[in-house]
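Each chain carries a letter (A, B, C, D, E and F) given by its place in the written order, and its residues are counted from 1.
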Amino acid sequence: MYYAVRVNGLSCKDPAAVVSDDFFAGADKLRDEVSERYGFSALTVQIPGLNTQGQRYARVDLAPGAIFPPHYHPRAAETALVLEGSVYFGFVSSYPDNKLFSKVLHKGDVFAVPQGLMHFLYNNGTAPATLYASLSSQNPGLVLLADALFAGALPDDLLAKTLLTDKHTVDNIRANFRPS
Amino acid sequence: MYYAVRVNGLSCKDPAAVVSDDFFAGADKLRDEVSERYGFSALTVQIPGLNTQGQRYARVDLAPGAIFPPHYHPRAAETALVLEGSVYFGFVSSYPDNKLFSKVLHKGDVFAVPQGLMHFLYNNGTAPATLYASLSSQNPGLVLLADALFAGALPDDLLAKTLLTDKHTVDNIRANFRPS
Amino acid sequence: MYYAVRVNGLSCKDPAAVVSDDFFAGADKLRDEVSERYGFSALTVQIPGLNTQGQRYARVDLAPGAIFPPHYHPRAAETALVLEGSVYFGFVSSYPDNKLFSKVLHKGDVFAVPQGLMHFLYNNGTAPATLYASLSSQNPGLVLLADALFAGALPDDLLAKTLLTDKHTVDNIRANFRPS
Amino acid sequence: MYYAVRVNGLSCKDPAAVVSDDFFAGADKLRDEVSERYGFSALTVQIPGLNTQGQRYARVDLAPGAIFPPHYHPRAAETALVLEGSVYFGFVSSYPDNKLFSKVLHKGDVFAVPQGLMHFLYNNGTAPATLYASLSSQNPGLVLLADALFAGALPDDLLAKTLLTDKHTVDNIRANFRPS
Amino acid sequence: MYYAVRVNGLSCKDPAAVVSDDFFAGADKLRDEVSERYGFSALTVQIPGLNTQGQRYARVDLAPGAIFPPHYHPRAAETALVLEGSVYFGFVSSYPDNKLFSKVLHKGDVFAVPQGLMHFLYNNGTAPATLYASLSSQNPGLVLLADALFAGALPDDLLAKTLLTDKHTVDNIRANFRPS
Amino acid sequence: MYYAVRVNGLSCKDPAAVVSDDFFAGADKLRDEVSERYGFSALTVQIPGLNTQGQRYARVDLAPGAIFPPHYHPRAAETALVLEGSVYFGFVSSYPDNKLFSKVLHKGDVFAVPQGLMHFLYNNGTAPATLYASLSSQNPGLVLLADALFAGALPDDLLAKTLLTDKHTVDNIRANFRPS
């Protein structure tokens, strides 16, 4: 049976060696995963035992005025619980509607984002805000729209056409995503 | 495209009528779902928009000395975050090992239970404890082992054989699960 | 293509080396998997070729008066065919109904148990009974409720609270699950 | 919760109206599903409660000399248990190997066929044979190769090219699949 | 069996009424689905019979200088075949790498984009280009990054923070996405 | 995160070593995969990056009069686009209907075949025909009905019974599938 488990990729650790800590994550196990550029920090909850269970979690801290800029998870839906403070949370529906679904969330409120849709967090209050985000995959992935557009190697003229603007505007924006 | 969505069962509400509240759950939307017998309450987070997203959530409150008795979810794995207080959380592995994996969790700690395994919560401290439980299905189901054995219509002799004891002991235990 | 097969975990044997016996299980391949405590034996059908096909099988033999105590499979639904004799087969629905669905099955009858629900077998007749159980996973897992509660390391007071009884009763039952 | 169940298509019967018989199939519920042309009969086990559980079953009876001709299930793997008699059971691997994997099975033997591969049963003994076939889908489908080729409306010249023979041979074979 | 098919959502048309045209799409069935703003047109191949088969297709036409701006499909991977002309095709990997994977494709070339990643098409040649895009879902969804950011109701200050620029720049870009 | 990816079998190449060519397939990467016996060639599009994305592609060339004989894919649905010429494309539904669904396809037309059903291509025109076939699995498999029946080691009498004919006819057909 153990052999079958390994064959099916459900585990790559000797089952006999599995311990309680493989299913546990304390504050000391939180690992910073996202840049501080936007004034937030996202700390991923590392739980080896969740590896094939279709779940992943993160704690997100937002200072007053901080944002978790528009992003999406290529392989997961997300649900977030507010632990402290207030935050403006929203997502935008698919083309062609681009309809905004949003709420100002307070402690104890929960908001959900369907699989793959673009969403954002904005702490437009005066107190720090903390959220607990749940993702429906052990490997959800993360794409920040601004970084995907400006931090990478997309051609300037492609970006100008995309934003219906000129290269000059594109270069000005891009400069901030490529610190010299 | 909308038609396809409905055909695939991904939604049963007119997409044009979907609003932000369909993805939101405030304290006022929490619904009591489990009996108070054990001194705990489990409040399910009701989010219509999560219906086909493979996620479901609950807030669990445990008074000092209260337990969420050994139970499992037939169709989901679970991960729980401690919001307040401390709690002794554990699960037991499959037959024949029946190995206990457990931790005393404090605020901010997270513990995970693999798909379908029996787990429990025990507030053996002096302060109330609150947890936020995440389930990997929009319809996880819940089976309390004691209720499944004693609250239903299982034959007494089957139960006696199961517990390696006598009918008298079974009847004494069962009496408390069948208030007259 | 063979490489892709291995990458996708659909096989871990050199396809060129696969033989008919990899899809075959004779009586000599049946392997005892469950303790004899309850007077039954469950023999798992070992078929390497089924490893990624979402199926697993077992032959269950019950002496007169024997039971396969209340149990469930964390990762599978089950369907059983009676090969010989008669058996009382049932399962209990989820909380809060705990409704018993059961039948006395005779040779040729088939009974099904939905994913993860607690079920049991009881040969309350005078002749031996044999069943062929089909599980909808190559790695269904098995949890015996009584063992999960009493054979493991659950705290006595947790068990007493769970069974709405006292530690003395718990200790008396537990003693039989922990032979000295 | 019930609403969610219905939304997800996990049930289309009022849960409150579900009874034990919805999970049971006795001999009287077996329904003939395949023509008698080849001297066999396949009786499908009808269990409403299995509808979304990824399983389906059939009892197959083969008179001496009878065959269940080469066929496959577009949406399922199959495993068969011999209940009575002996049978020659085999499947052929994919193109380009077309390798035969087969066994002469006796009472109690089990043989498995991977998802979608062509397989057959041949009772080349002198006693009736009975098998219990398990399929890994509630809607496995069935394609008999000879019927798919000759009973339908495939053009004669396409068939001749396919069999590397002439139209005369095709017409002779086809005549038996189209009784006037 | 037909009933089961409907129950499982595999079809919502009376099987007896299904005809060849339900599996066919000719040029006359192509339906314009995307705005002409960027000089391209994407014509979705409408095939009712594909509804539950996990596939969807589109023909994309790009005039010289036209782009299919950076976008992604929340529920699908994509593979595209060049039918005519040449096109610069690329996708950007997840945060934090934002690595560009791209190729200039010519007639007969194929390029693939993993599930949910941002990709784009750019006809930087002098002849029209046509592609056949395959999506791994019957309901892939489409999100154009620029529209998701500027065409919807995101707050200006959130956008300014996101793009590391000022509201003035945001308003100038946004003006083109909100024709008066 | 990369480790998790490998554990889940989503990749077996060092992510840091992945390059654009891993998502690209030019004409030079097409690999012949099917015998020329029937006058067609099927060239599989080899794209490493598609390995776990549930897609696979092939280019099929048919000379005038050539056929891609009746076959099926055990693990995939198929959709084909006509790139050049015309072709008669059809599939046959399951037992007992064996109903033919077919169309004469011209350049730009698309036809779909549900998961696992038998289908064929026939160029009954005077010009060469080329198609682009899309399969809904990275490992669809291929079974040619005629080869499965005649090229393998099926017993002659089983084949005779299957085709409702005599061994002489079977031997005559089989001779062409077993060149001496």
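Keep in mind that, in the parts below, contacts are C-beta pairs under 8 Å (C-beta built on N, C-alpha and C of every residue); 3 or more make two chains touch, one makes a residue touch a chain.
Owing to the predicted nature of the structure, the values given are computational and were not obtained by experimental measurement.
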| item | value |
| --- | --- |
| Chain located farthest away, centre of chain C as origin (C-alpha) | E |
| Interface composition of copies chain C and chain D: same or different, split at half | same |
| Contact-richer chain pair [A-E vs A-B] | A-E |
| Computed distance of Cα centres, chain F from chain E, in Å | 27 |
| Centre distance in Å when chain B and chain E are each reduced to the mean of their C-alpha atoms | 41 |
| Geometric centre distance via CA averages, chain C-chain B, whole Å | 23 |
| Multi-chain contact sites of chain F, meaning residues that touch two or more partners | 9, 90, 114-115 |
| Complex contact set, residues of chain E against chain A | 34-35, 37-38, 67, 69-75, 88, 90, 92, 94-96, 98-100, 114-118, 120, 122, 124, 141-155, 157-158, 161-165, 169, 172-173, 176-177 |
| Chain C contact footprint on chain D (complex, rising order) | 18-27, 45, 47, 49-50, 53-55, 57, 59, 77, 79, 81, 83, 90-91, 101-103, 105-106, 108-115, 132, 134, 136 |
